[in-house]
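Structure record follows, encoded as structure tokens.
Labels A, B, C, D and E are assigned to the chains in the order they are written; within every chain, residues are numbered from 1.
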Amino acid sequence: NEQPLRVAVAANFLPVAERLSTRFTRQTGTPLRLVSGSTGKLYAQIVHGAPFDLFLAADEARPRRLVEEGRARGAPFLYATGTLVLWSPRPGLVDQTGGVLAEGGFSRLAMANPRLAPYGRAARETLQALGLWSRLRSRIVRGENIAQAFHFVVSGNAELGFVAASQLLSRGEEGSRWVVPERLYSPILQAGVVLTAHPAAGRFVHFIRCGEGREIVREGGYRVAADPAC
Amino acid sequence: MLSGADLAALQVTLRLALITTLILLLLGTPLAWWLARSRAWFRPVVEAVVALPLVLPPTVLGFYLLILLGPEGALGGLVTALGGRPLAFTFSGLVIGSVLYSLPFVVQPLQTAFSTLDRRLLEASATLRAPPFDRFVSVVVPLSRSGFITAAVLGFAHTVGEFGVVLMIGGNIPGETQVLSIAIYDHVEALEYTSAHWLAGGLLLLSFLLLLTVYLVNRRWSVAHP
Amino acid sequence: MTLSARFRIARGAFVLEVDLELPGEGVTALFGPSGCGKTTLLRAIAGLESCHCGRLKVGHQVWQERGHCLPTHRRAVGYVFQEANLFPHLSVRGNLEYGWKRAPAAERRISFDQVVVLLGLEPLLERRIRGLSGGERQRVAIARALLASPRLLLMDEPLAALDEASRESLLESLERLRGTLAIPMLYVTHSQREVGRLADHLVLMEAGRIRASGPVEELLTRTDLPLARAADAEAVIEAEVAGRDERYHLLRLRFGGGEFLVPEAGRRVEGRVRLRILARDVALALERPRATSVLNVFPAVVESLASVNDAQVVVRLAVEGGGHVLSRITRRSADALGIAPGLRLFAQVKSVALMG
Amino acid sequence: MLSGADLAALQVTLRLALITTLILLLLGTPLAWWLARSRAWFRPVVEAVVALPLVLPPTVLGFYLLILLGPEGALGGLVTALGGRPLAFTFSGLVIGSVLYSLPFVVQPLQTAFSTLDRRLLEASATLRAPPFDRFVSVVVPLSRSGFITAAVLGFAHTVGEFGVVLMIGGNIPGETQVLSIAIYDHVEALEYTSAHWLAGGLLLLSFLLLLTVYLVNRRWSVAHP
Amino acid sequence: MTLSARFRIARGAFVLEVDLELPGEGVTALFGPSGCGKTTLLRAIAGLESCHCGRLKVGHQVWQERGHCLPTHRRAVGYVFQEANLFPHLSVRGNLEYGWKRAPAAERRISFDQVVVLLGLEPLLERRIRGLSGGERQRVAIARALLASPRLLLMDEPLAALDEASRESLLESLERLRGTLAIPMLYVTHSQREVGRLADHLVLMEAGRIRASGPVEELLTRTDLPLARAADAEAVIEAEVAGRDERYHLLRLRFGGGEFLVPEAGRRVEGRVRLRILARDVALALERPRATSVLNVFPAVVESLASVNDAQVVVRLAVEGGGHVLSRITRRSADALGIAPGLRLFAQVKSVALMG
């Protein structure tokens, strides 16, 4: 009898969001409707009146911007932090220190577009920190988002690529990987923001940040910081 | 294999493609007829404008449509001022976007068919007491059959596969504006490859059967009435 | 009812400029060399040329005039195009029914089956257009036009693609139609024979203009017009049935002080009939020939003569009781006989043909 | 207003669209000719298959192409086995993808034009000593002009606006596989709306002028040779 | 060189089944009612019907046979289609040049300008096809076929759309071409007149089969064939120029024991000439008519006769020195004269026409 809660979800977070949604609905009886898309697209749609109650973005900037523009209710909140992984389906290609990047035993390195996707930005920062950015630039292929970067690698067209830990986890992929140390890139913060006065919005946010949802997010391959708000 | 959301998307897709194709044929036919016969100086301008939506990436076109249809946009503002629901994120909005984007695929084959038509047959039909609309229905349409089929097939198929525009102005709302192409896209993006394969395979099979039926019927017809 | 038309249509170097008054009944033949504008005139009458090109009145109805224009589909003309112009997507039956279905039932004057029989189309009804021979196409086109129940029939060389026999039988059918349906026809032809056979009125065109227009009998024999000088030159006259030879199926016809014997050709006729007499079938003599019987000889007066070529002249003769015939003779004979306007002499006719 | 990368993208786009259109015309013409004239039972099957790529969203089509072209894919494996460079992320790969995706837009208008052609003119041309290819060039092509223009315009414009396939198999490498449509898309996604407007506007203007030229030339031609 | 053809082509209920041997020179007329298969036969010879349909040999060259098939474009036939079939995207000049440019220069036997003059196409050269009148189209089509420098000319009713004068002048041109170019022609026509005028050889078709095939002189006068019974029935004979009347431009021709006077019609001829004599222009008498001069009278023997209709019969006469003429007379006269095969009598000819 309650209006379903419409949640706009960044595409990379969709699998986790689906699990969250099932759980939440089972618990509270409130139906959820997930709408996924790229963060930029969702942002543009919200600006132009899309009927979303809650926005779970893949970055921090766009929720903040919505708040600044007065299109949101309350402050943005963090719900997950992504982990960047250098991965190749070929066993043994990626060593535990990422030395393969410097050795250059590959022809294509996939990553998300640094201008658009937080994981892409993180990948660039990593390469820059390693001092390899300009050297490897010509071998980089850029996906529009982290999913496309993953496609490039999983289809074998790029030997290796910077992907999200969550992707590897959800796919159960083998191969070789190097979990990029956090010091090499600024954190990939995924923030959300409530957009309407839908009564269930606050409850769902609480569910993700503090409740059972928090565990689901972590199982999905994200880090979740201790949240003072809980 | 297919979730309830996927089935809902299939239904939305078919409805959208059917309605869009119908509207396109209704709008495209007179437009193509005019383009095929007019000697106005601005005809080439209209021709160019019709083809223009094609050169924009669909997402970008969708973005501008979103601006246009949104509550602050020219069209959206007008609609809401007149007491209508805003068009963005509704099925009607999808239809508008699809029609705009697939228009050239319907208009141009029709125009080709119309412009190769033998005018003397229209004259004959006029001397046999057929008024203009009757002439169109009884002579132009059957003789342009192949153009109409091409137009309908391209319009339909393109709307089914169409994606960017719909995604942008539809908002991908399951059961409402989420179409199959977006559902497949979502599966791919979510790395749910198995679901994507099934859905894509199903869509291909369905479309193949549909197209095959159209072409078989057309062939049978053309054997009977060459 | 008359048809009055005034058109000016320019097509590049060619200009059609006509001002015509035609009888609203019977058959009017349009005759003239290739490219003289016959088709253009027919098209204008059907409303297929721009409407700014002139004025057209049929009976009391104005079909076009400055500012006013009855569109083609409301003119109820039946048009047999020079190239058959059939609908390729319809069967023969579909083509025939096209106009038939669109004509109000009240205006129909001939039944579907009648027309089909008339043109011998039964075996073709279910055929597609593509396989039809040239002549078959033309017959379908004629039937299609007839079935639209027109008020005015425009025919552009309808018989050109037909063999002698079909042409002959179609001509007969058209003659019968003219009688029973009373649809006025405008009939373009290149054949002097068809003119003599079918037409009541004749319009002679030349280079986009009307050279002459008038009753067939008159124009066929005017020596200042090309018709009388053609190889097929002929005259059309009226005669009276005077008797019948039952055994030999011959008719005795009385005309202009003479008598003819004419093969009946299967038809029983009474009263007045029309005859065609070819110019080259008429010999001239100063005295009534004695060696032959009195048959086929009648007195006449030379009205005018004109040269056909180096060797031949054509003579127009006024016949007792009205009417004219032509005689084509060698210049030598003309000199020998001293042919000159006013001369009284005797015409001997080798053969005549019955019309209608 | 336009960055160097944008200009490079423009250049790649034009090159891609031109090459794709050319290849499409070369491949599509014989295919369309066959489709228009063949009486084979499997013709409707081929017709349906040609239209099929349309119903898949371009990104998804790109995804499958990516798999196909990859080292383990059928095509990619073949190419590398033959000693060729892998096709993904290269300009050649883009061309393959675009050709596949735009094929129906070229084949179908041509087929429409060919099938309405009067065969008797071909017979006339054969009696005038023209061998088959000559007949095609001297009779079919000029009489199907409007079909060729439609095919070229749809093929070209669609390739310019095409996006998903190119994005997927191109890898968005600036100066190599980044095309204008992706550049505009990137601007929109990055909320750089001003750049997006400029780029989209420029693309529209350019395309408009191009299309207008085509149609004006066509019109002049058709006035001279109707 | 001869042309030998054997075809079997089925089209629905219609079957063309022919086995023909034709002379490889001069003009062969294909004559027959509408729908009898003339066009189909021409198309088969041009290679426009399926190649499995028969065998075709032209001279020593096999054009088609089981397993072998010379494609149309290598047969070098000039085809004038029944419907002009011009290229709408080319100007008149473009149409004319189409075949001209494709014919090897060595095979050209007539210059471009000659053909243009022959068919009076100068004023049309830069025109588009769409504005041409029916007759103009047909002339362009004939010129286009001639300019392809064919080894065999196939013409499907080329003159049907033309007026008398153009037809006459074209017939003359074709006659001249036949002489100078020595291209064999296969000529479909519905006009008995054109047959008599142009053809050397005649093929008579009926319902997809060959009814008769042979020299024109022979077939025209066979009373068992429909030609002799047609209204236009005529005979073609050879005569010798015996003298000339310079003043009146008349030729004196000697033939079969008689003498004719024939208008010269502007041409100077010597030696032997061919003449057309219409059946209805020939009268019969048992004695040499005394009242008229000896001119145009010659002795003959009745060979056969056949009924034309109720009232008329046609008589085939053997003429002294070879050749045949026809005479159409009323049944009454036939009875009165006691016409029967073997009867010797005198034929009087009202008029004859010079050919070629």
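The rule we apply is simple: a residue touches a chain if its C-beta (ideal position, glycine included) is under 8 Å from a C-beta of that chain, and two chains touch if they have at least 3 such contacts.
Since we're looking at a predicted model, the values are computed, not measured.
Between chain A and chain D, the least number of touching-chain steps is 1.
Fewest steps needed to get from chain B to chain C, stepping only to touching chains, is 1. Among the remaining chains, not one touches chain D and also chain E.
Using CA-based centroids throughout, the chain positioned farthest away from chain C is A.
Measuring from the averaged C-alpha position of chain B to that of chain E gives a distance of 60 Å. In whole angstrom, the spacing between the mean C-alpha positions of chain A and chain B is 35.
Per-chain Cα centroids separate chain A from chain E by 91 Å.
Separating the CA-averaged centres of chain B and chain D is a span of 19 Å. The set of chain D residues touching two or more other chains comprises 63, 143, 185, 188. Shared interface positions of chain A, i.e. residues touching 2 or more other chains, are given as 41, 44, 148, 151. Multi-chain contact residues of chain E (touching two or more other chains) are listed as 83. Interface note: chains touch in the pairs A-B, A-D, B-C, B-D, C-E, D-E. The part of chain A that touches chain D in the complex is made up of residues 38, 40-41, 43-44, 62, 65, 108, 110, 113, 115-116, 140-144, 148, 151-152, 155-158. Across the complex, chain D is touched by residues 43-45, 47-49, 51-61, 63-64, 104-105, 108-109, 111-113, 115-117, 143-144, 146-147, 150, 153-154, 157-158, 160-164, 181-182, 184-185, 188, 196, 200, 203-204, 207-208, 211-212, 214-216, 218-219 of chain B.
Remark: chain C residues 46-48, 71-79, 81, 83, 85-91, 98-99, 102-103, 128, 130, 144-145, 148, 154 touch chain B in the complex. For chain B in complex with chain C, the touching residues are 120-121, 123-132, 134-135, 138-139, 142-143, 225-226. Those residues of chain B that touch chain A in the shared complex are 59, 63, 66-67, 69-73, 76, 86, 88-89, 167-168, 171-174, 178, 186, 188-192.
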